[in-house]
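Two complexes, one shared chain (subunit A), two partners (subunit B, subunit C).
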Partner chain A sequence: MRKAFLKTAAGNGLLDRRSFLQSGIALSTSFSLGAFAAPVSDLNTAPNSSIAASFPEWMKTPGRADTEYGQPSIYEKQVQRHLQKSAPEASLFSIWHTPIENQRGIITPSGLHFTVNHNGIPDIDPQQHVLMIHGLVDKPLKFDVESLMRYPMVSVIHFLECAGNTATNAVSLSPLDQSAQELSGQMSGSEWAGIPLKYLLKETGLKANAKWVIAEGADGGSHSRSIPLDKLQDDAMVALYQNGERIRPSQGYPMRLFVPGWEGNLNVKWLHRLEVTDQPAYTKDESGLYSDILDDGRIQRFSFHMDVKSLITRPSGKQLLPEKKGFYEISGLAWSGYGKIKQVEVSADGGKTWAPAHLEGPILPKSLTRFTIPWRWNGSETVLLSRATDELGRVQPTRDQWRDQYASYSFNHYNGIQAWHIARDGIVENCYG
Partner chain B sequence: MVDRIRLTTLSTESISAVVLMRKSVCTTSLFRTLLLGLFLWGMQSTLLFADGAAEWLMTDLGQPLSKAEIERYEITIFPDGTNLPDGQGAAAQGKVLYQNQCAMCHGKSGIEGPAARLAGSDGWFSFEDPLRVLRIKEYPILLISVGSMWPYATTIFDYIRRAMPHHAPKSLHNDEAYALTAYILYMNDQLEESSTLDKQSILEITMPGKARSVSAKEQITNLVEQP
Partner chain C sequence: MRKAFLKTAAGNGLLDRRSFLQSGIALSTSFSLGAFAAPVSDLNTAPNSSIAASFPEWMKTPGRADTEYGQPSIYEKQVQRHLQKSAPEASLFSIWHTPIENQRGIITPSGLHFTVNHNGIPDIDPQQHVLMIHGLVDKPLKFDVESLMRYPMVSVIHFLECAGNTATNAVSLSPLDQSAQELSGQMSGSEWAGIPLKYLLKETGLKANAKWVIAEGADGGSHSRSIPLDKLQDDAMVALYQNGERIRPSQGYPMRLFVPGWEGNLNVKWLHRLEVTDQPAYTKDESGLYSDILDDGRIQRFSFHMDVKSLITRPSGKQLLPEKKGFYEISGLAWSGYGKIKQVEVSADGGKTWAPAHLEGPILPKSLTRFTIPWRWNGSETVLLSRATDELGRVQPTRDQWRDQYASYSFNHYNGIQAWHIARDGIVENCYG
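Let's turn to the complex of A and B:
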């Protein structure tokens, strides 16, 4: 280890991101060598022996056949979505969280994408599904799935986040010992492909007084939301594909509305009807559950954007730093519903000093952005923080700054800085900084 | 015989109308390649371009949607009463329906949960609630009450008719949906138990949540319109 090459970036061991490459530091020296750690023998060279003894079982037998649809390794079975305990599946209002601390890069596997279902998941026969567009249009039209598949499509990489993500930290008086998944796993990143909605609205034509669109799903509860037409004309799409395959039932098969950067609830799954209007409908979710209660008791409606936010996913809640005074790569995710991430700063001393983290490419608008920074932990108790800034200059607030705007029980659109407490024994725990 | 997959890409006859847009919204090289491909394909049948370059080929495969079809599906009720059906129901009738079909999820008096609270201005984490700690532990996503937050009574009718009861959505008659709406308004002191609700009288209700409402829409409109 050539310590002379380590360049400090901020207090308490944050290092310049090039430190790893330049110094050649080993992350750890204590990891197990497993099967390859067998003592060197001379068996390989003896005339009456095979080389088998040197190798693990899986190098001495033919592998198994593959399957039609691949699954993760049997050794990764613990990487699963987490059902929020407060929303039992039996109630059909279910909230499944993505294991974001297990993810690298900016794409969440489709099967691990978070999902919130207000009335269960319908199994829709695509041959019987129709998308209707009517209301303040010149020509009311319907589109079957087969026709929609013939349209030119675009593909985009975006995050999707539930308005209620990280609600626990917004309202819980004391920090709960939860993982990144449990706290902030109602957020995922995917490549979505489909038809820009403006293509279809061009086809129907729009009346001069058209201002809103009521989007409705074909689920049991006919989930519906009112969305400003200008946003839908800007960058919304009827999404048919997610991560290279047709959208899964829990994401809206055969099609969903995708509204980049805006709260998940507007991204209506199982989309079957778009009613163009001059007024919002004040649907169930925009009447209560997805509103913000301001500090003076007023109810703020139609706050659609998911604001600039970040969190360190490694190390994060319920994890353990295995080696005292070891080198670790801090890694996390940042995103903003307003555009691209411009900067993520990390603090390893509870906010006294900050260093800019390295942003991994691609840095895309309204997409997850991966950040990393090397850290040498000195083994003492500390708090890790990350703070994101987007291209509009919006800065992630502290928890206190966020809570100052809202009533104590308002929980939507929380984007406060996530603090992880590091204990001397290496235990990482959610804290309030 | 081999079953052939029905091709779902563009065929020449499907490019029946071509709309040329001066501004390409998608600038990725992938999409340009796709456009070029479409352009070359289009040349085989109908060559359409302006100023020497077709930037956008518009497919138009939508089928006309008839008035009858629209009426069958347009179930959204607006605050001004648009789409409210005929029919009527009394709060007293609603009470019976409620006990049979709703109380098991919303609680006997609309405040117990576990599903969304329907009544009361105490909302979510009421400090007067003797079971507050238990509720937060057991049901931290109990919803903010209808009586406290919802700005329009039309939404109650809309949601009951489209989504309730949870195990059999869309099964209630219009009269029953009016009766249940009336009962929820009665729970919130907005109607007498003897009152009847119909598409006229529902518009006379002023929900407590309306006066407290403020919209963030103006801010977001300005942001969206930025170049």
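Let's turn to the complex of A and C:
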């Protein structure tokens, strides 16, 4: 391995990215190519039989036919969503977690996007589906899918996060040995396209005392939430597309409400009704589940934003660092429901020292942002942490700081710093920093 | 429909976007909600039996269970890739076109991304796959997938386009009645993540006379291309991820070369070998197929970049404008292999007058850019066109201007302006402007 002077960025091996990339640190297995090498002059002739014999089968035969809708490799079957829990009848209430540690970049594959289903998934015939807007409006309106398709649309890249994401870290007295998927997989990122709701509300007109909207889904349990009108007039949309195609049943086909930066539950799937009112309705889906209980027992209403948060995905829970020491690129995601990520700091020494990580562009508001920092692990036990700051100056609290604000059984909107314990044998585990 | 003063942007109905959005032009079917309306006071009580009886089935019963890897709705089955042609044995040579007119935004779903397969698709076991770098290097190296996973990675959003995209418009004397998918579906956009090739070449070191690289795939026909070393040292990568998951077999699993902005063929799938040389190898895949034949019969070598181009996707070929006149949002995509899109102009009067379209951010280099402009169609026959300019000042030529440069049978790298004929009955057809 080439000896090079590497500039450090913070304690216990965090490195300056530029000097790391320029140094060309070898990570490959460098050994002779043996039988696989073919000199340039042989390039356009048949390889000699001894070389050819060592080729894998797929290099010697024609491949298979492709399909109308391509699928992932059979060798990636294990990359799946994880079902957290369900009622005795599995279809009623289920939470499916994204394998977030397998992702690179800021887009989650649509099929792996997390979902929380309160009443199972309806398979809705788009030709029978309508969106109604009524209540405190000048003109109640009904839109079928074909009409909606003609409206001006926008496409935006945003994260979506369940209010209950990372709940186990909020309430469990001891840290559970869980993967990033199990701990924080109720969060994903996608490109969403649809009609800004303000265009539709402009058509219905709004009465002077209109202040709230009840959004209701067409699922068997009529999932519904109350949302302030101001937000809906701002950047909310009726989303019809995800990552370039019509949204999937799991994500609300044929349409869902999309409310950038606000808790997942508000993003009502299978949206069919918007009732404009002058006050919130305190539906079952918002009173019982999505309120924060403060330290003194009072209930804070309403808590809509998903606050600034980050997660190192490599290395993360249940992973194993393959070598006892050596170079690793620490990689993770940061996001904020308030806007853009401004900075992510990483610590490799349990929080004693911190270094700013590299943020990958484009840095977009209310979207995932990928961060990385190179790290030379010396093989000793330690704790890795990441701490995000957004453009409003909001910073992630520690777990203790977060818990000080709320009742011990409150678990929604947890955005405490995530700590990963690295043991000397390379095992990575969730811990409480 | 509310009468409003709408600012025009150019001839035959192109409108100023801001005034259009502010005017609230009604596109919905406005009629009484009838039995579906539920007053606020009834919200948390069971609907009365006559209302409930009219609800679709899915609103009255629990839905189905979700799955580990979610799939599109059964009602979207018709949105598929289209197989252009194949050898008698379908698996050998096939071109699969993206249904680009169905896309919104700048991300193409991975399963719908176009592909050109010269030798069918191999199903490669990643544990048996290696990437070799040899030839004019200081140290030949071999990388297995596990090693590559530890390298620093980047994720970027880029388009990919086949050199032969839109070839029929280049060579067919009369315009073929084809959809956007059939005409220009050999083009897609995705988020790609992988290792910048310069990091790997830094490890092998390069000899003084190293100038080209032959990239070879592990498919049955050893697809290969020669690529200038400079480009590979710039922004080329060994891509392992597409839209958040490992790339699919159709796209080169377990890895492909990704060369931003350069013709699709260079982006060698199932990449297994990079041989550094001092000259191009003139492989069968580059000499016979991907050279441009100039008007005087000489062959231009090499033509790597995909030039600035645009495509109105709504309305586009084989579509039908649902109303004889009225408001439509013209929507499309623009891209350039040289960098960012600077401007897209749209004409609704066959090229007499042009207006700049709205470009949706983020505007990224060598990526798709979505453009839109509102249009009030008065029901008369006309032709719609789009013309893109990139940040280097390169502008799309007309079809005639493009053809003047090349031999009449030359069809690669066609980037002439696309024209769509609108008949009075609303039928949209490909035409030659």
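To be clear about the criterion, the second predicted complex is superposed on the first by the 396 of 433 C-alpha atoms of A that agree within 3 Å, B and C clash if a C-alpha of one lies under 4 Å from a C-alpha of the other, contacts with A are read in each partner's own complex, and residues count from 1 in each chain.
Basically, contacts are C-beta pairs under 8 Å (C-beta built on N, C-alpha and C of every residue); 3 or more make two chains touch, one makes a residue touch a chain.
Bear in mind the structure is a predicted one, so any value in this text is a computation, not a measurement.
Please indicate which partner A:353 is in contact with in the superposed arrangement: first for subunit B, second for subunit C, both, or neither.
It touches nothing on subunit B or subunit C.
According to the stated criteria, A:343 is in contact with first (subunit B), second (subunit C), both, or neither; which is it?
Neither partner.
A:294 contacts which: subunit B (first), subunit C (second), both, neither?
The answer is first: A:294 touches subunit B but not subunit C.
After superposition on the shared chain, which partner residues are touched by A:302: those of subunit B (first), subunit C (second), both, or neither?
first
With the two complexes superposed on chain A, say which partner A:409 touches: subunit B (first), subunit C (second), both, or neither.
first
Which partner does A:122 contact after superposing on A: first (subunit B), second (subunit C), both, neither?
After superposition on chain A, A:122 lies in contact with subunit C alone.
Using the touch definition from the top, say if A:253 reaches subunit B (first), subunit C (second), both or neither.
Second partner only, subunit C.
Figure out whether A:65 sits in contact with subunit B (first) or subunit C (second), or with both, or with neither.
The answer is second: A:65 touches subunit C but not subunit B.
Based on the superposed arrangement, let me know which partner A:76 touches: subunit B (first), subunit C (second), both, or neither?
In the superposition, A:76 touches subunit C alone.
Once the two structures are fitted together, what part of subunit A is touched by subunit B and by subunit C alike?
86, 91-92, 119, 132, 134, 139-144, 146-147, 150-152, 154-155, 199-200, 202-203, 214, 220-222, 224, 273, 275, 277, 281, 283-284
In the complex of these two chains, what residues of subunit B are touching subunit A?
Going through subunit B, the ones touching subunit A are 6, 8-11, 14, 19, 25-26, 28, 30-31, 34-35, 38, 57-65, 69-70, 73-80, 105, 114-116, 123-125, 138-141, 143-146, 148-152, 154-155, 158-159, 162-163, 166, 169-170, 209, 212-217, 220-221, 223-225.
Which stretch or stretches of subunit A touch subunit B in the complex?
Listed in rising order, the residues are 84, 86-87, 91-93, 95, 118-119, 132-134, 139-144, 146-152, 154-155, 164, 167-168, 171, 196, 198-200, 202-204, 214, 216, 220-222, 224, 228, 230-231, 234, 273, 275, 277, 279, 281-284, 287-289, 291-294, 297-305, 338, 408-409.
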